[in-house]
Structure formats: structure tokens, C-alpha cells
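Order of writing sets the labels: A, B and C. Residues in every chain begin at 1.
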């Protein structure tokens, strides 16, 4: 980010959306604090965070429902703080869809065109085209309450896109759906977005959804942007403990750093020196600093005999507390006595091929240093 | 022995006793009759009303003999003939009907933004203020309020005094048709707001945000989203305001200065001034009929609104 | 009540005895005046209920009649302030259903009372001893006997604000047509008190009432162009006080009330004359015999000179007993007629004619005014 100011401006101009130092304060509570990011044209960005993280506030500010306390938002290079929602050309799919119950599906989809005073013919054609796009051809005359949840989703998407907005905003529209339908709709979103190439900002607390649909992910917590990266990077190299914990299932070990050299850290936990661990992309770590070491659940292996873990650098004894068979994977909860009784979650992604352990069995857990990340403890893992 | 008694609190024993008594009076086998029993007061009330209506119907067919002040033994439609052919009753009827329509339209026009603001405002202070401003006159009776207007709008009232300060001679603001309509609107406003507020609360605010994001300014949002969705409330409020103002007595009597009688005033005169209960009864029944027809027309054109019996959708 | 109905009524021994006893009492102790001497009086009720108008009206009645009656007999008097027109259907219904009526004595306008008399729900009062001391004003016109006893009269004067008549007091009802009085005059909302002088002012004759009242309607139509306020008794006082009106056709009491409250007011009987009418007292049928006796005693007492003097001083109205002293402010006042000469300017129409036609007159008046 060593761009000059001028280059930054022009980058902002090319971006579909540019958020600059935006804060939103209610009394003495910051819902969003100094958020800055760009969304390049045609990209699908997801703002991921737990409830109360400020992600929806940020989205609503972009939509124009409320004015940031400070900072500015640019859409297509233009500052929009003074522009009311109905003059920003933004399609939005709301959390509860906000379909108009007194209109048919087609009337709902026609609404934004009607508000823009298109002639009846254009409206009819366009509505038909977009209903087709969301695979609702022929459903136009249905009333909203006569449609299934998935169909209602599709109407909401068609309505948000029919007037060909510069930007599509998705405010957790899938949260209320059951898992199967949600996964189906996630793919639908992605398909439609790719087909139209519309710049999209999605808000969700579902990390899986963020991984599936997005070109890029912004992780938010407590009103602050924690990390911005593509899904794989965010998953692989979380920038801090919060991100590591929020994306995927992560086990943490606590202890001081003993030595730092380059990108490798040595770190002591329960009397064991764990060395050669990669440093997370967060703040700089110094020797003696209190740290968290994070290991993903699927990067730990469980075995009864040490030979089976011969390829792993770190190996510790523990006891199976709980074993849950989830079909495509086995989830173990292991009490690692050797590391001071810390509890580990471990995934075994080949539950049929591998031996299954039962609660009470003594086992070994092991992993490699490269799969572990250490973060300086200015953020608590939870 | 004594201890065990004390350990069992007196109130429990009383409750047990009451329960036993209840079980004896109203055994469990009769419990399924309870809902019907609870309907009884309503049935009795409506029944009494219907009985009263029959009695009024009977009275309306009897003619007053002013030489004996007794009513005829035999039935005739003379009272109805008199009511229909009299120029005065025609004037009163059309005045009341037109008045109730005007009052309904203007009241809804005023009540809708008021109710909307009350429901939607973010400021709890403003909401409280609007509620108090709404209920304060509600607690003051209709008659007292009408007298209040006499004081405010009179020739020496506040309004005319204010006009006097800018050199305008006193204007007669009272005792005319607009004064009566004004009084009625002011009286009806809380009813309308109270009936509209739940209907507006039922409209998710997100729908309005959605309309905004889809390109509708607030006027068009109101016109295309809020108004159609508030229709049940508007119909319900409209019906209440229309029937109440059609049958109002006190406001036309007090603010009309005796020259703006509504139907209820004409009926009162027949019952209590000229002692002609027959003609009064005939007028009452005609008022009931006209009111019912108006309600029927509104039902037919706009649906029953919030007064609909079933929660079902069309 | 027909004989047929009487016979079909279930007759109990007790009621027969009661009737015979009552009949006996009536024959023995009649006329009432004689009873005092040798008869023991019927049992006294703890109270009797007299319907009255509120405000200064009931205060005057209490001071003049009720208090002294209680002092004399020990019977408390309760004043029921139900409106006269609202008590009427209740009394009628009670009599029709043979229930005991809700009041013992009704203080009523003679016109209203006449309806009850015609309907036959009033007790005959011919045997009141004090009637022999009264002027013929006490006798209701056009009715047989004394179903009502008139207790005083009043005049529907032309009340005016002198400052609005700088050239001197009005002399004719036609003076109300002066353009500068537009919107500044008031009448009763049914036109009561105004129909008869309007007949004269419109060029008609009083003898033509009720046959031909066209002159009255023509004159009232002209008055309508003046946009009069239309109201009831309390309105006139208020309107004068609040400066809403400068002239009104109202009973003198209302004008006097406003004057007492410090409003500059005067009143005249114009050259066409002014309506004179009376109020009276009557007793509904259906009271127990002893209560009827004491209700009659009450009315008899109301005709006592002393009682009349105090009562009517309060009202400022001329009584029906000769020799009363008018209140100081009303001596020689046209609204307080005492002489033959004074009565000549007043219009008095039989109550019977009035009640038979008033609904038509009221309707016609309202049709003109509200049309």
C-alpha cells in the first residue's frame, strides 16, 4: 500500500465502491470504526463477521440509509454522502427480502423500473428477462405469499437487478433459509453475479457462504476491519487470532515466544518448546511476548501408535473425550494432558478409512510447525 | 399434630376449600360449556339491542294524536311519509351525510401522517409527546371540548383577539357548518390515529427502505407502498369516523349554534321537544338504515379492512 | 284506563281495602282545607321529589317554597334536576306501565305540562285550598279543571344592548331587520316565543293562529337573512356576556341574569306585542295516596303569598297571587306585568292550541332557518 495519494485517488475512481475512513457512532458506541476499502468493478466482496460486528451498518451506509459520522463513501468515483438512497443506483436484497406483499412477483420486479418511469413495454420485457434469469419464467402473476422461500429469494434478486444497478448489496438474505436451500442459493448468487458481472457486496456471518461466493472477504469484528483477503488467503494465513478463530475451527495454545528469527518463532507451552512456527500476518512478535498459537482442526492428526505420526514434528499424548461421527468426517475432542490439559478439536476427513477412537482411549495428537500460526496477544482468541 | 397443621399455610387451605366449592358448583364435566357461558353477556347485550330495535320499529309505525298526546293503536307509514317529504329533514339528512364524508376524508388526511410519524419516529420523546397530545383531548369529554372551542373561537375568544391585534375586526368563526365540521374533525382525529397506528406498525420499515433503494422517493414510497398496505387501517378508521360523525349530537348542537342540526339532533327534538316518539323512531330507523348502507358500500368497495372478521387473505 | 282493563286486573284483598280506605279518606276529608281541623293527616313520606330547573331557578324554588315546606311539615324536599323534556317520557312510561312515577311534583312549562294533561297522566288539583286566592293566571287556558296549576308568568321580551341602539330603544320587532344587526341577533332554535309576534309583525292577525300563519313565516324568512344565532336559555346569557349578540327574543329571566352579571342590557315589549306564557306545577298519576296528599300540599304551599314572594323575587317574574311586591329593579317593567294595561301588550295563546301545533311550527321554523 505504498501508493501515492494521487494514485490512490485514481484507484478509487476505478473501483466501483470506495469506502474511506468511514466511522459510524451512536452516542459513545462505534458501530463502525475507521473502515476503508475498495471494491473493484465486477468483484464479489463479502463482509464477514459475527452479529454486532458492524457489517450490516457498513452495508446500510453504502446503500444510503444513514450518513457516516465521519469519512466518505464513493460510488463510481463520486462521493455519495449527500445522495439519498433512491438516487443511488444500487440494488439491494434485504435480510427479510422486503418484497411488497400487495404486489405480484412481476409487479415487484417491475417496481424499480416504474419508479424510473420506463415505458410499459420496456418494463414488461425487462421483467420477463430477469424472471427468466432467476428461473422464475411464468411465475410473474403469483402473489408473494403464494411462493416458496426459495422463489421469494429469486424474486428479490430479480427486483434488485432488473434496473441494472452499478452495485448489488446483499444483507444476509440467506440467513433464514434451511441449509440445503441456502447452499443452492449461494451457488445461484454466484452464477448470476458472474453472468451479469455486477459489483456485489454481501454481508454474512456464515464463513462457509463467504468462502463459497466471494472473490474477496473482509472480516469485521467490533466495528473494525480485521482482515481483507481472498478466501483462501484468509483461511490459510489469518491475520490475527480473531480471524483464525472465526474462519474455520481452530485450536489455540497459549504461551510466551522464546525466540524470533525471520518468519519463524519458537514458542513455549506447558514446558514444551515448539519451534519453527510461522508467524501470522499480524503485528510483530518479540521474544518474551505472550502469544497464541493456532492450529486448524483438520491439520491435527490422531493416532494410537507414534509410528503413524512419524511425519509430524509435534506429538503429544491425550485422551479422547468425545467422538462424533458426522458422515463425511469424524470430530474428536481430545484432552491433551501433555500440554496442560488443553482441549483440542480434531477433524478426521476419512472416517471410514481410518480407525475410529472411542471416548476414554489414550491417543497421540500431532501436527507440523508450518500449519501453526502464532499471534501476539493483543487480541484474545475468543 | 398442631405442627403439621401449622406447616400447611392457611391460604393453601382456603384455596383448597374454594377449589372444592368451585368443583361442586361447576363440575369438570361442564367445563366445555365455559366458552359459551362467556359468550352470554355479548348475546344478552345484542339481544337487548335487537329487542329495543323492535320496539322502536313498533313506535315508528304509530302516529301521535296531538289532541290527546297518545299514539294510534293501528299501524301506518305516516311517520315515514312525513320524514321523507319534509324539506327540513331532507336538509338535515344531506347535511349530516355530506358532513360525515367530508369529516372522514379530512380526518384520515390528518390522521395518516400523524400516526405515521408516531409509529416511525426514532425519538421516543417525540413519540411520547404525540401520544400525550393525542390522548389529552381524548380524556376531556366531547362536550367540554366543544365548549372549549366556544371560548377559543368566540367573538371575544383568543383567535379573534389575535386577529384584533393585527387590526382585523371580529369574525364569526362559530355557529356555522365549517365550525361543526372543524369540531368533528378535531374530535375524530384520535380515533382515526388510534385505528391507523396498528395498521402502520404492521408495515415493516424495511419495505420502505427497499422502495427507497429501488428508486422511489418518499412521496412515491408513501403512495405505492405505505398507502396500499395501510388500507385495512384506513378503511377501519374511515368507517368508525364516518359512523360516529354521521350520528353525532353534541358537536352540531354546541358549535352549530342551533342552525346546523344533524340527524341525531332532529331525532332528539322529536323525542324530547315535541314528544313525537313515533316520528323520532322513524327517523332513528332511517338513520340506522342509511348508516348501514354506507358501511355496506364501503365494505363492498374497499373490503372490511381491520374490521374484517377473518384473518384470511384475499 | 278502560273498565275492561280494571276488571281483568288481579284483585287482591289488600288492594281492595286500600282503595276503599283511600276513597273514604277522599270523601271525608275533602276539601283539603277542612281536613286539617279534625282529621289525622296521612302518613308522611320521608321526602318528596320535585323536578326543577338548575341554577338560580332551583335556588329560588328552594328558598321560597321547599325550605318553608320542610319547616312546616318536616318532609324533606329533594330536587331532581333532570331536564323537563327528559323527565316527560319517563313519567309517561311509568304511568303507562302503572309504576310509581319517578317524581312527586313536576315544575314544567305550561305548554309541556299541557301535553301530559291531554294525555291524562296528571292529577286534578282543583281542590287545592289556596287556589281561591289566585288570579285567573293560575288557571291553564283551554283545559278542564286544574290538571296543572300555573304559578307565574313570563314574557318573551326583546332584549337588547343599549350601546348597539344609539338612537334609542327598539320599538318594533321589525327593528331586528336593521342591516347593522346582521349576525348579531338571537332566537330560540325552535322559534318559540317568536312565532306570534312575527305573525303581527308580518302583517297577520293573532286570530288567524293556527289557521293561517303565512305572515309569521314570511317575517321569519326575512329575519333569517339577518343570520340569527339560534340557541336555548343558557346560550342567550352567554352570548350577551361574550359579546356575540346585540339583541334577542328571549324570556326576560335570561336577560336579567346577564344584567346581574354586569352586562349592560335592557328589554322592551315591542309595539306588536310579546308572547306571554306561564310555568306551572303538576303531579303525575300513580303516586301512593299519602304521597299524593303531601305532593298536593307542596303545590298548595307554592301558591302561598309568602312563598310566592320569595320564590318569584328570585326569578323576577310575576306570580299568580295578588298583592306581591315586584323586585325593585322590575317595578313597572314591561316583563313584569301587573296591571290590566300591561297585559294588553302581551300575546297569550291557549296551551292546547300551542301543543297541538307546535311540532308543525317548530319544523317550519327550522326549515326556514336551516334550509
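FYI, a contact is a pair of C-beta atoms (placed from the backbone, for glycine too) under 8 Å apart; a residue touches a chain by one contact, two chains touch by 3 or more.
Since we're looking at a predicted model, the values are computed, not measured.
Trainee: Counting C-beta pairs in contact, pick out the pair of chains that comes out on top.
Mentor: B-C
Trainee: Need the central chain here, defined by C-alpha centroid distance to the all-chain C-alpha centroid.
Mentor: Of the chains present, the most centrally placed is B.
Trainee: What is the distance, in whole Å, between the centres of chain A and chain C, each centre taken as the mean of its C-alpha atoms?
Mentor: 92
Trainee: Distance between chain A and chain B based on Cα centroids, please, to the nearest Å.
Mentor: The answer is 55 Å.
Trainee: Report, in whole Å, the distance between the mean C-alpha point of chain B and the mean C-alpha point of chain C.
Mentor: Whole-Å distance between the two chain centres: 38.
Trainee: Across the complex, what residues on chain B touch chain C?
Mentor: My answer: residues 66-70, 86-88, 91-92, 95, 150, 154-156, 170, 172, 174-175, 257-261, 269-277, 279.
Trainee: Could you list, by residue number, the parts of chain C that touch chain B in their complex?
Mentor: Of all residues in chain C, those touching chain B are 83, 85-86, 88-89, 115-116, 118-120, 183, 188-190, 229-232, 235, 238, 242-244, 355-359, 362-363, 366-367, 369-371.
Trainee: For the complex, give me every residue of chain A touching chain B.
Mentor: Of all residues in chain A, those touching chain B are 63-65, 84-86, 88-92, 94-96, 98-102, 111-112, 115-116, 145, 159-160, 163, 169.
Trainee: Given the complex with chain A, which residues does chain B contribute to the contact?
Mentor: Chain B residues touching chain A: 204, 206-207, 209-217, 220, 224-225, 228-229, 313.
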